[in-house]
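Common to both upcoming complexes is chain A, partnered first by chain B, then by chain C.
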Partner chain A sequence: MTKILYTDKLDNCVERWRSAGLSVIGPVRNANITAYRPVGSAADLELSQILPDRSIKELFFPQTEPMMRYSIKKDAINTEECLPPVGPRIIFGARPCDASGLAIDDPLFGWDYKDEYWFNRRNETVIVSIACTKSDEFCMCTSLKLSPDSTKGSDVLLRPLESGKGWQVEELTDRGREAFKAIAELLTEGAEAAAPTAVVAEKFDADACSEWLRNPENFESRFWKEISVRCIGCGSCTYLCPTCHCFDIQDEGDTFTGIRRKNWDSCSFALFTMHTSGHNPRSTQSARWRQRIMHKFNYFPGKFSANSCSGCGRCTRQCPVDMGITETLQEISKLSQ
Partner chain B sequence: MSIEQQYRTRAKELLSSGEVKMVIGYSKGSTPDRRRPAFISTPEDVETLVLDGACIANLSGYLVTEGLLSDEKRVAVFLRPEGIRAINILAAEFQLNAAQVEILGFNTEGNEPTALSGSKVDDFAELIGTLKGIIPDTAGEELYKKLEAMSPQERFDFWQSEFSKCIKCYACRQACPMCYCRRCIVDNNQPQWVNTSSHTLGNFEWNIVRAFHLSGRCVECGNCDRACPVNIPLRLINRKMAGEVLEAFDHFAGSSQTQEPVMASFKKDDTETFIL
Partner chain C sequence: MTENIHSAPQNIYKPAIMKIVARHDEAPGVRTMRLEFQDPAEHEQFKETFRTGMFGLYGIYGEGESTFCVASPETRKEYIECTFRQSGRVTSALASADVGDLVTFRGPYGNRFPIEDFYGKNLLFIAGGIALPPTRSVIWSCLDQREKFGKVTIVYGARTVADLVYKHELEEWQKRDDVDLVLAVDPGGESPDWKHRVGFVPTVLEEAAPSAENCVAVLCGPPIMIKFTLNSLKKLGFEESNVYTTLENRMKCGLGKCGRCNVGSVYVCKEGPVFTAAEVALMPQADL
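Presenting the complex of A and B:
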């Protein structure tokens, strides 16, 4: 017997969570795109898409956010720190790859300095993931030692029932159990079977790739130029990625008042490494693509013992010139044999 | 012989004879319905070239890749009519020497590609003349008409909602053959003319700066629209601006390589005093 949440009870759940003071967030389809957004009722949720077009990271690391306001007067400089608006939240219907992406980035944001912007939000958010029963040709979680029903980063994992009428509930953390206490009476004990999870074929050997990347001889390999020749240098892959976390700090305003902001930045951009002198150590697009791959599969695992990729496949799915991590790592897998 | 095979043969001849150093075309993509840009430098590799109804990306932007044409050698490129118009603009704006570009022209009517005769940009002048004022790809026309019928406030609200999705990844800019600036105004940070933030104001700034910069230059190839990862119907902004420029100045972007840029040219004897 397992706990079961039936779809027709979902609206009540949303209500209960909201009256318990939680903001409810989930995949919402609006203006031709699906993203994690606040929902008023279960009807707002778009749970049938393979995964939302935009990743979950923006709920923890928004594309732009204020860090400080400043004003300069004749005899005083005033600064006022801006911390993110907090309040308990529940994300219903995350995909396991998105939830895993957050767990992958936790050590990064908590390594030498504990990033309040990230952790204040992390500590107040319950993540309820739904195991995938559908996938497409771009999904690659299984190549990253994850799966369509990975629990990494989730507080609760839901497994869709075979009947399509609800989900088996697997509470994974205290935070998840606490949130589900509020809806305990809406759950049913049952033995209904779960639908089989999506079959995602393994596309590359990530360990072999990391080993190839660690070999200093391969840093200057011709491969980098060949694989990235069509890259146009936009930031689509990095901005849709649930684990890419680079940011830039900018002051906006005039001489006397303004705001300091933390904005997404991308290693795909030429400006990313441009020095004040005009010298750019990553002067070519191939050097920038190499950096992205090296960071995810060599430097990051070297420091934090996990690849900086959860296999969502958004990079390839949305690339204007049909590039992405999958093909690059498939080619590296071949080279490493 | 299929058109695909004909074009492969032509590409092979161009490379074997040394007439061109590279052929920029299409090859198979990661899924059956995807095509990707291909850069072919050896005659043996022409067999990987694909030409079918899925070849829609405008490849002309690759020609202005830094250093590609600086050795004076020639490059062949697969282009639809909008791409050919883009070559005219790039030549008119002194970004390339059109004599270095061998055009493998084609069109896609429905799902089947058809050959366009000619190889130099001027060979297509007549064809381009017949296209004047015709929207190359009418995708989104229904929405366009709806927008035209809206009140300014409704239209503003529509674009505010669309631009609120923008993440400033600059895929529109990078995919655009007309966005060839080595350093875009938004990347100028000494001083920072345009804020990098992707908030409502920042997104408006970016998208409006781009729309104005493309007025009279956009060939409506749709690269920006297809590249946008958050599905902003960018082509409709450019369609509107192209229509305005056609009406006000009788200017159809990319008509010839000597066409004066409509927003960046002036005459000393212009009757309007504000020009100078």
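Presenting the complex of A and C:
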């Protein structure tokens, strides 16, 4: 017997959570884009899409966010911190790859210096993931030691029932158990079978790729130029990525008052590493693509023991020139044989 | 490489407010500012953490932040000195700030020159142009406890006579009999009354030929100068592990998060900016 949440109770759940003071967030389709957005009722949720077009990261690391407001008077500068006004919230219907992405980035935002903008949001958010029963040719979680029902980063994992009428409930953390206490009476004990999880074919051998990347001889391989020749440096892949974390700090305002902001940035952009002198360590698009791949599958795992990729496939799915991590790693897999 | 000690439980992006208490024009477009903390607690924290080689992010609200070294030594922590060339938006704003004005500072960040390891050794400092400031922090940190070190040699070159920074301190070092100062300007950069050498730093260094015996070299300069000077040091018999240098990559956070300063797997902001030549040699050279 397992706990079952039936779809027809979902609306009540949303209500209960809201009246318990949680804001409810989930995949919402609007203007042809599905993204994690606040929901008023279960009817707002779009749970049938393979995965939302936009990743979950923007709920923890927004595209742009004020870090502080400043005001300057004759003899004083006043800095007012703008810590995120989160409040407890629950994300219902996250995909396991998105939830994993958050767990992958935690050590980065926490090594030595703790980024409150990230952790304040992490600490106040319950993540309820739904295992995938559908996938497409871009999904690659299984190539990254994850799966359509990975629990990494989730507080609760729901497995869709074979009947399609609800989900088996697997509570994973105290935070998850706490949130599901509020809806305890809406759950049913049952033995209904879960639908089989999606079949995601392995597309490359990530370990072999990492090993190839670690070999210094391959750093200046011609491969990098060939594989990235189509890249237009638009940065879409980095913005859609649930684990890409690079940012810029910019001021908006004038000499007297304004805002200091943290904005998404991208290693695909030429100006990203440009020195004041004009020297640019990553002066070509191929050097920048190499950095992106190296960072995700060599440098990051070297520091934080996990690839900086959860296999969602958005980078490839939405690339305007049909490039992406999958193709690059498939080619590297071949080279490393 | 040494551990980072700075990990106070506070907003890591919030800068300290500093007052400009003095400023000095070093060379055309190059200015030194002396800054004092306004908050005693922040000053205390700086005193506890700052060691020579560490850097900071200096800023003006409304314009942004810019990364440069702390140019003052770890033996003088009552203030922070920084020297910068006016070249972009932030440095232009800093250059137009006057004595009494307030600016922002985040830091000190990064690792340091392990000067305790230099005790009892001869020191060779080599700097080119605007890279004297990071070297100067180490130089004074050592000269302020002069008895702990052997022979001190400073080789400093700039493009022209006007471009030499810290001219008053160069004079002071010139007069000291416990410091051997070799000054040079690039060919064509000399003035009619220039009494020192004319030539590029690597050549001048090879002519001066300091002994590598029991000697540590600290080398700071533009990438091209570093490259050729390393060759010269090799000729003089210096081991790569006895040559220290700093990398100065573009940074936004200084905290190992914003993702732009890495060379290969090395985060310059956290594992640097101070590296031995042996460590630099292990990095992917195309990414330097």
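Here, the second predicted complex is superposed on the first by the 337 of 337 C-alpha atoms of A that agree within 3 Å, B and C clash if a C-alpha of one lies under 4 Å from a C-alpha of the other, contacts with A are read in each partner's own complex, and residues count from 1 in each chain.
Quick note on the criterion: a contact is a pair of C-beta atoms (placed from the backbone, for glycine too) under 8 Å apart; a residue touches a chain by one contact, two chains touch by 3 or more.
For clarity, every value in this text was computed on a predicted model and none was experimentally measured.
Enquirer: Examine A:R230 and indicate which partner it touches, taking first as chain B and second as chain C; both and neither are also allowed.
Expert: A:R230 contacts chain B only, not chain C.
Enquirer: On the A-aligned overlay, A:A208 touches which partner chain: chain B = first, chain C = second, or both, or neither?
Expert: Neither partner.
Enquirer: Now for A:R260: first (chain B), second (chain C), both, or neither, which partner does it touch?
Expert: So A:R260 only meets chain C here.
Enquirer: Using the superposition on chain A described above, determine whether A:A31 touches chain B (first), chain C (second), both, or neither.
Expert: First partner only, chain B.
Enquirer: Residues of chain A touched by chain B versus by chain C: which partner has the larger set?
Expert: The partner making contact with more of chain A's residues is C.
Enquirer: Is A:A76 touching anything from chain B or chain C once the two structures are fitted on A? First, second, both or neither.
Expert: The second partner, chain C, only.
Enquirer: So in the superposed three-chain picture, is A:Q250 touching just chain B, just chain C, both, or none of them (first/second/both/neither)?
Expert: Both: A:Q250 reaches chain B and chain C.
Enquirer: Indicate the residue numbers of chain A shared between its chain B interface and its chain C interface, in ascending order.
Expert: After superposing on chain A, chain A residues 248, 250 contact both chain B and chain C.
Enquirer: So in the complex, the part of chain A that touches chain B is made up of which residues?
Expert: 31-33, 35, 53-54, 63-64, 137-138, 229-230, 232-236, 238-240, 248, 250, 252, 261, 263-264, 266, 269-271, 316, 318, 320-324, 326-327
Enquirer: Which positions of chain A touch chain C when the two form their complex?
Expert: The touching residues are 67-68, 70, 72, 75-77, 79, 81, 83, 108-109, 111-116, 216, 219-220, 245-251, 253-256, 258, 260, 262, 265, 267, 272-277, 279, 281-282, 287, 291, 294-295, 298-299, 302-303.
Enquirer: Contact residues on chain C for chain A in the complex?
Expert: On the chain C side, the touching residues are 4, 6-7, 9, 11-15, 17, 61-65, 85, 87-88, 91, 102, 104, 222-223, 248-250, 252-253, 255-265, 270, 284, 286-288.
Enquirer: If we count contacts the way the header does, which residues on chain B are in touch with chain A in the complex?
Expert: Residue positions touching the partner: 29-31, 34-39, 57, 61-62, 161-162, 165, 167-171, 173-175, 187, 189, 192, 195-199, 202, 223, 226-227, 229-231.
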